[in-house]
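Once you scroll down, you'll see the structures, which are given as structure tokens.
Heads up, the next two complexes both have chain A, just with different partners, chain B and then chain C.
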Partner chain A sequence: MKGKKIILIINILIISITLMSCTTGSRELDKLGIIMSTGIDLIDGKVLVTNEVMMPISKPSEDNNSNHVIYLQHEGDTIFEAFRNATLTFDRRLLLSHNRVLIFGEEFAKRGVGDYINFFLYDAEPRETSYLLVAKGSKAYEVMGINEGLSDAPGKYLESLVDNNIHTSKTRSLTMNEYLKYYFQRKTPVLGVVEKQVKRIVNKERGQEEGYQRDVLNVEGGAAFYEDKLVGYYTGEEMMGFNFIIDEIKGGIIVFEVPDKYIAPDVKYQATKGKYTSLEIRSSSTKNEIKIIDGKIKLTINVNLKGAIGEETKGLRLIELDVKNAIEEACSNKVKEYISMVMDKAQKEFKVDSFGIDALFHRTYPELWKEVSDEWSSVFSEIEYTVNVNTNILRTGLIDIPINIDKGEANEY
Partner chain B sequence: MISKHIVDNKTKLAELFNYTSDLRFYELESLGNNDLLIVYIDELTDKKALNEFVIKPIIKDLISPNDIKSSIYLASIREVYSYDDIVSELINGHVALFHEDIDYAFILNINKFEKRAVDESSTEQVIKGPKEAFVEDLFVNKSLVRRIIRNRNLVFEDFVIGEQTNTRVSIVYIKGIVNEEVLAELKTRIEKINLDAVLDVHYIEEYVEDSPKRLIRTLYSTEKPDVLAGKILEGRIGIICDGSPNVLTLPKIFIEDIMAAEDYYLKPMFATFLRMIRLISFFISIFLAGTYIALVNFHQEMIPTQLLITLAGQREGVPFPSLLEALIMIFFFEIMKEAGLRLPKPIGQTVTLIGGLVIGQSAVEAGLVSGIMVIVVSAAGISEFVNPQFRDLVVIYRIVFLILGGLFGMFGLCCGFIAFAFYLISLKSFGVPYLYPIAPYDKEGMRDFIRRESFKRMNYRPKYIANEKSRRRNK
Partner chain C sequence: MNTNKVPTRQLIGFLIVARLSFSISNIIALNLPPYNQDQWIMILVSTIYIIIVSSPLLYLTNKFKSYTLVGSMKMIFGNYIGNALGMLYGLYFITSAVNVLTLQAELVTTSILAETHITIVTGVMIITCMYLASRGITTILRAGDLFFPIIMLTLLTLFILGYKNINFSIFLPILKDTSLFDINKGAMMLSTIYLDIFIIAMLVPNLEKKDDVNKIFFIGIYANAFVIIMASIATQGALGIEYARHSVFPFLIYTRLISVSQVIERIDAIFVVTWLIAITVRITIYLYIAASAFREVFNKDENDKVILIIVGILTFIISSSIDLRRPVVGIRKDFNIYLAILFIIFIIIIPIISCIVYLIRRKAIEDENKMS
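And now, the complex of A and B:
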């Protein structure tokens, strides 16, 4: 009796454990295809999904240029169907968990992505931390498969390019969950952009014919969305302004011109006089304020920028106080220019508030918000804005006198 | 009753010992024409002492039977009045002396057993600290402890266990520090022991431990006198058994297996680091294989992309499912370990070397197992050796968790872990919770847990083990 009881209990335990577990069961690694990047396009009303699948190779081959990936294309009425249709032509089950980049074709983005990307939330596998990008001016699959970096897969190459955003701030690294956050709050996400460019051939190998070209990917710029539709692109410089407004500057270089009058009168040039000064952004913080004055909505953008002089080619003496102030002012003006470029484009061309000014307005004037919320796009276009930038130079580089001016007596040593 | 005539005694004893060949009878006549009989077991007696201090003075000086005690130069002479006593004394190597016309016998303590010299411990090796280890002789072992703790409160209590072997077993504790309840409990358990033979102290372990069916040992076993001294100074009780170089101490808690004697001879901070390493390797040795299988088979999304690709590459072309692959590897690993352990040293090394080469390298090259599996299994195996006390527990539970992880993924592993934690918490060793001082949390006890604090700050002995609120020093 006792033995039977124990066997019964063990059976119940085993059955309940298998039923309760949410996983579909064990999947051996050698039965899986690991997706590195996914492109989505619309062709004749059907979804065309392109996947880059990593080839599992036990030892990395000595040939670094070869990509251990293959590409799958499959169609369906929904993305889920397309993924399942992939098993009709591909021998392994696809694993979406490691998909790092999701590329929308331009046509698809213009049509609107909202209904299709539901799949990526319904399904348990896809990660919400994968980057979203728009393939500027092309189909998504056209920008896939290009690897001009050192990564061993094009998907990783593209992911690293987006990660590199912290060095330039000229694009946007928007992940799926951030996209949804913006989408739900303000309906105006700005996505990163990927574009195919022709690479200048540096070392032409033997056997290459005339007209041979290699492509390289470029992620400069941003794609402005309204609701789930692409309305237009911001350029790289506009994206810097954009990142200043939304306070997401993590790094980057600002290049500007200081007026000639700050060059000391006794400077003797030993070499070519340059034009520009570059400042490396060390940190930046932005505070936006909104006020209603005389019935007009006025926006103030206060940027507090700290940076280091990266190079100076004009022959300025950085050690003098008025020169330093002039440099700071010139830099501030450049930042103002970036900001007004992107504000003008958003207000006049797109009529889309990409910056979350509506949320700021809602916070500041909760009662008034109800009146303007329905026609915010037109209200936003009429907002008058002022930009205050306070640049602070923390340090110069290793030298403080450029080499193209005569240092006087110090030069003799 | 002992006969007055030595001839009767001789025949009686010979009969009692079933005419064994190593029982020696020596009849002699003293100066005063007294007839005497000396009985002893050959090779158990110190012949030199017998000749010098017993036979020589008797022959030279003994005149009257009343002078026997005064003429023999020995510290320990007793009179016994029954054959049973004589037999048990003879067994222990003592010498019995009979005199004509006296109806009792004298027992002379001049036994000398063949024994191993006190040597360096081979199973618990240390870099710093005392190196000597217990031997198989009870008296030597007692003296080793007595030499460390020079205290009149150090008590040995002797028992004789084993119907056939009559093995001497001794428990040792310090009066005043020991928890009297535990002591009384141990004594009643020892009284109840019903064994025909005691060949090693672990025979006794099975009888006195709380739950003999369970896999986890609730008695600590050591080979080093300094470890035993440390344990009994914290209020534990030691069980020493004649014929065994191992000494058991009780009650035992989980963390004792993580500690090493050396911890107290090193800098506290470094000892803490070492304990953390040991604790981590305990978990690695049990859970690594199961976790690996669970991640690879169920939760590929939890593995970093680059690692997953490498793992997938390794798995490519391996004919078995990962769970089976892991089981095969662990099986061969255990075989190799057992082979290396039992064989004589020179051959043992060869076996390990060849086994390592064959299984580690050739199997991977032949594509039978993946390289990563070899790494996982051997990492778990090496971690096992960090805590040799946990060996029996680790070997079995590793396989249990491997199967849980392989069949039910992280879910099964977590369920198993919870059950395992319950199991550990429910264990008790002589009334002391096994997971003390975590499970009943004790702030004082935590001072010498994973963190080894300096002696200055370790003021109290462990709460349940020693007497209530027992201070280590008076001030």
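And now, the complex of A and C:
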């Protein structure tokens, strides 16, 4: 009896393993085209899909600069058709599971993306965690194929640039899932922006003249959407303000100018006097409040910022408490400026609430929300706002007084 | 034949595991009124309706603790009508098994085995469940006992890993956008998919402590409500209210969003395996109680495997033929209507009539009960 059971279990295992994984649905690496990034454009009413496909290699190429990727462009009436049409000219089936970046051409983004991106949700292969970007001023395929970093492939390079947002907060690393969440909740998602720029290359390569220029990618700024259509762009600085408002600042540098009156009267310059101070953001939290006062909606943005002095060029004596306070105030003013810039653009130019103020209003005044929800765009444009920023300098770094001034008799005692 | 009795704790754990197959798959609760951030309140209210609609069967179960549901029908209506009702209940349990099996096959072929033929997925599942069902109720419940900590620990891990994706502010304001009517409508609709009372009604004679029927029922209801609320909060918070409704398997999407330092990613296969274990338990118990109902109708004991094989093959054929013809998750309005009609017949109308007849013939039935 025991022997029969063992034989039965072994048979079930063999049948299961054979049927489930080996003969049906097996997808070997040498039969797949692994996509690293995808660009979507519209050309003459048809969807043009550009895929960056990785070439699996067994050993490193002698040419260290080669990207080991190829680019495929295919058209179709739908994105799915365009993807499948790839197999008409390409010898492998495309695999979307590793695709981390999806780029919309500007024209496509302006036309509206809502109908086409359904493809990425129907199928189980694409990741909901893929980054979405808009190619500013260009087609999506024009920003593909550029790798001026140390990554293995241009797609990976682009993904790393988006990840680098934690160091600047000048763009937005919005994923597909987050896009859908914002789209459904507020109809106003803000996507990251990628732009092709020409930069002087300092590396001297054979056959290149001095001042040789190459294309690089710049991931900075935000693409403001209303519903599924691109309405305009925020600059990098405006995106810092944006990230402060929505409390998604992950890091970055704030560069500001402290008034000259805080320079000590007896200061002796040992080197050139600079202009700016840089503060590295260590942490930030924002609490937004909305109130109706005298029939007017008033928004208060309260930012609590903690940072460390990373650079001081003006010759300020940081050891003095009033100087520290002045630096904090100047930094706070700069943050206010960023926030005002983005708020003004959203209210006056785009007339789009990209910040979720509507959700805040809904939570605070649920009854009133029902009356204004349909015309929120015009209500938002009229909102009066106040920005309160409280900056705290937590660290001053390894020196207390910049080296371009003489420390003199100043001391901490 | 295994004649061991079933401990109360084991059956409660089993009901929670079996229920998870619904709680974490297509999360029907998200697609019921009020369709907003107050969904979790509706789920909580639904427990009241579950108690109300299950009360006739619960009453009968309490009155006939030594009999299964089919046995109690025989006692109330006599052999002819009792056997006919037993047949109908057997078929209803097969329908429930088909419902779960088709759902399972579609999730598996959608998520992890996209190119495996659906018949193979269904076939392997039904063989596994039939084998488990053939070992008897104590083995089935012990399997549930074994799976319970594994499944709960996996779910807890998924909740913790995906916690940073959950935006709790979307659950505000509470009860400001929802009418009482919508909450009650949704709660009533949700209560129509709660069939666990049948499992209790069919297993009551096997219970170690038969007086614990009510305890099992109530703990089962509230524990399940807690799990569904957790699942709906996690999915709504991570996906947003509307996207969670658009998703056919929202909890699967929730697990796909989990990314911890780009090391722990795409762990949806873990979720699917967990879910498969839960659904195996559920299909097994439906097959078992369906076979038990037919065995009782045909006066066969638990050693008889023929009925179980017939029930299994029937379930397999119906499930496969449905799965080969149409989607059952994305397009299931008609299914829901059929299932709701069957629910009303089998969990409300027949039990109420049975209660009335019991109350009318109470003395005669009790005398008969004492004699037997």
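Basically, the second predicted complex is superposed on the first by the 373 of 413 C-alpha atoms of A that agree within 3 Å, B and C clash if a C-alpha of one lies under 4 Å from a C-alpha of the other, contacts with A are read in each partner's own complex, and residues count from 1 in each chain.
As a convention for this text, a residue touches a chain if its C-beta (ideal position, glycine included) is under 8 Å from a C-beta of that chain, and two chains touch if they have at least 3 such contacts.
Bear in mind the structure is a predicted one, so any value in this text is a computation, not a measurement.
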item: Partner chain in contact with A:Ile12 - chain B first, chain C second, else both or neither; value: second
item: Partner chain(s) touched by A:Leu29 [first = chain B, second = chain C, both, neither]; value: first
item: First, second, both or neither for A:Thr129, with chain B first and chain C second; value: second
item: First (chain B), second (chain C), both or neither touched by A:Gln213; value: neither
item: Chain B versus chain C as contact partner of A:Asn177, first or second or both or neither; value: second
item: Which of chain B and chain C A:Gln185 touches, first, second, both or neither; value: second
item: Interface residues of chain A shared between complexes with chain B and chain C; value: 20, 27, 97, 127
item: Complex interface listing, chain C residues touching chain A; value: 110-111, 113-117, 120, 124, 127-128, 165, 167, 169-170, 172-173, 176-177, 238-243, 246, 253, 256-257, 259, 265-266
item: Sites on chain A touched by chain C in the complex; value: 12, 15-16, 19-20, 24-25, 27, 97, 121, 124, 127-129, 177, 180-182, 184-185, 359, 362-363, 366-367
item: Complex interface listing, chain A residues touching chain B; value: 17-18, 20-23, 26-30, 32, 34, 36, 54, 56-59, 95, 97-98, 100, 125, 127, 156
item: Residues of chain B that touch chain A when the two form their complex; value: 296-301, 305, 308-309, 311-318, 321-323, 371, 406-409, 411-412, 415
